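Here come two complexes built around chain A, the first alongside chain B, the second alongside chain C.
So, the complex of A and B:
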């Protein structure tokens, strides 16, 4: 079964890209595809804990991130370097992602059969 | 696995280079063709000719390329290029 690496690199709610990537991840999981989710660059902000998009009448999709594990997606990584750039720590995030460095990011991309960004 | 990274947005060049491995290639298309002068292009790099011509940049970029490893390719070569790599990564 081909493996897929889904990369989140955008700030939440400015576009539909992360919602769509999440849907793709859940669908791929339903087909038992090996999946990795990488949060890099501005995408690390997707994992910030206290999101309240309701004030913009936007559905809060951050809850769906917690569903990733329910769907058996355990390989969830967040770019430690990017976190530092935004003065964020692991505690500011939803507790679902493992901190990784830059080399690990290119390795995960290199090992996956498909790499998808939106 | 060798990957061909395809970039169409020059502002994301550094992030893209960061994610690449040594054996990967980079293809600059659309607006990213202006990034040919970027100093960090140590990897195998290509630029799409049609996008250069469309933007009237062919002459300017050819001057940049005098002493650089960047190769200008057309659409047909673009297709052949994708066959030389195990996968493509469209950096968006």
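So, the complex of A and C:
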């Protein structure tokens, strides 16, 4: 089976790209494709706890990240450098992702048949 | 020779993505490659409206896709969720959702995200035009 690497690199609610990417990930998971999710650049903000997009009248998709494991997406990684740039730590995020460095990110991308970023 | 699929999310006219995607398909075919499917998602679905009507001295992206699809027998698939959200509908979806009118160009087909996954499984490469 071909594998996919899904890269989240956009802010959570200023752009809908990540929600659209999330839908692609869930559908591909339903087809049993092996999926890795990477959160890089501004995308690390997707995993911050207790987001309240409801005040902006935007549908909340953050909770879906917590459900990724249920869909069989267990390899979830966060760019440690990007997190550091925002002065955030692992404790600020939903406890679903592992911190990795740039080299590891490159390796995950290279190992995947398809790489998707919206 | 490779089998390609395209994921087109670029909004028509305001951005270059749709123009580039069309050129990519033409060049790929001219070089002996094949196109499994072009999947339109996010703002990319807006190109599927047959009511898009740019000035006559500009390329009509909807007709350009339709011409390519007919000449080369290419599958143009529009994501149903993204399309309905943006006012793109065919007769069946209009009836199902109690909408007045329909505007999907007949060269395009409305379907789900499963068609994108299937396209990936049956292609060597997926190229995104955003």
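In this text, the second predicted complex is superposed on the first by the 118 of 118 C-alpha atoms of A that agree within 3 Å, B and C clash if a C-alpha of one lies under 4 Å from a C-alpha of the other, contacts with A are read in each partner's own complex, and residues count from 1 in each chain.
Basically, contacts are C-beta pairs under 8 Å (C-beta built on N, C-alpha and C of every residue); 3 or more make two chains touch, one makes a residue touch a chain.
This one's a predicted model, so the numbers in the text were calculated from it and none came from an experiment.
Chemist: Counting only touches as set out at the top, which of chain B and chain C does A:33 meet: first, second, both, neither?
Modeler: A:33 contacts chain C only, not chain B.
Chemist: In the superposed arrangement, does A:23 touch chain B (first), chain C (second), both or neither?
Modeler: After superposition on chain A, A:23 lies in contact with chain C alone.
Chemist: Name the contact category of A:117: first (chain B only), second (chain C only), both, or neither.
Modeler: In the superposition, A:117 contacts both chain B and chain C.
Chemist: Of the two partner chains, chain B (first) and chain C (second), which one does A:105 touch, if any: first, second, both, or neither?
Modeler: It touches chain B, and chain C stays clear.
Chemist: Under the stated touch criterion, which partner chain does A:50 make contact with: chain B (first), chain C (second), both, or neither?
Modeler: neither
Chemist: With both complexes overlaid on chain A, does A:41 touch chain B (first), chain C (second), both or neither?
Modeler: first
Chemist: Under the contact rule defined above, give the chain A residues that sit at the interface with chain B and also at the interface with chain C.
Modeler: Shared contact residues on chain A: 17, 114, 117-118.
Chemist: Quick check: in the complex, which residue numbers of chain A touch chain B?
Modeler: 9, 17, 40-41, 102, 105-107, 109-111, 113-115, 117-118
Chemist: Under the definition above, what is the set of chain C residues touching chain A in their complex?
Modeler: 7, 9, 41-42, 81-82, 112-114, 116-118, 120-121, 126, 128, 130
Chemist: Please give the residue numbers of chain B that touch chain A in the complex, ascending.
Modeler: Residues 1, 3, 15, 18-21, 24, 87, 89-92 of chain B touch chain A in their complex.
Chemist: Note which residues of chain A are touching chain C in the complex, please.
Modeler: Against chain C, chain A makes touches at 1-2, 4, 16-17, 20, 23-24, 27-28, 30-31, 33, 114, 116-118.
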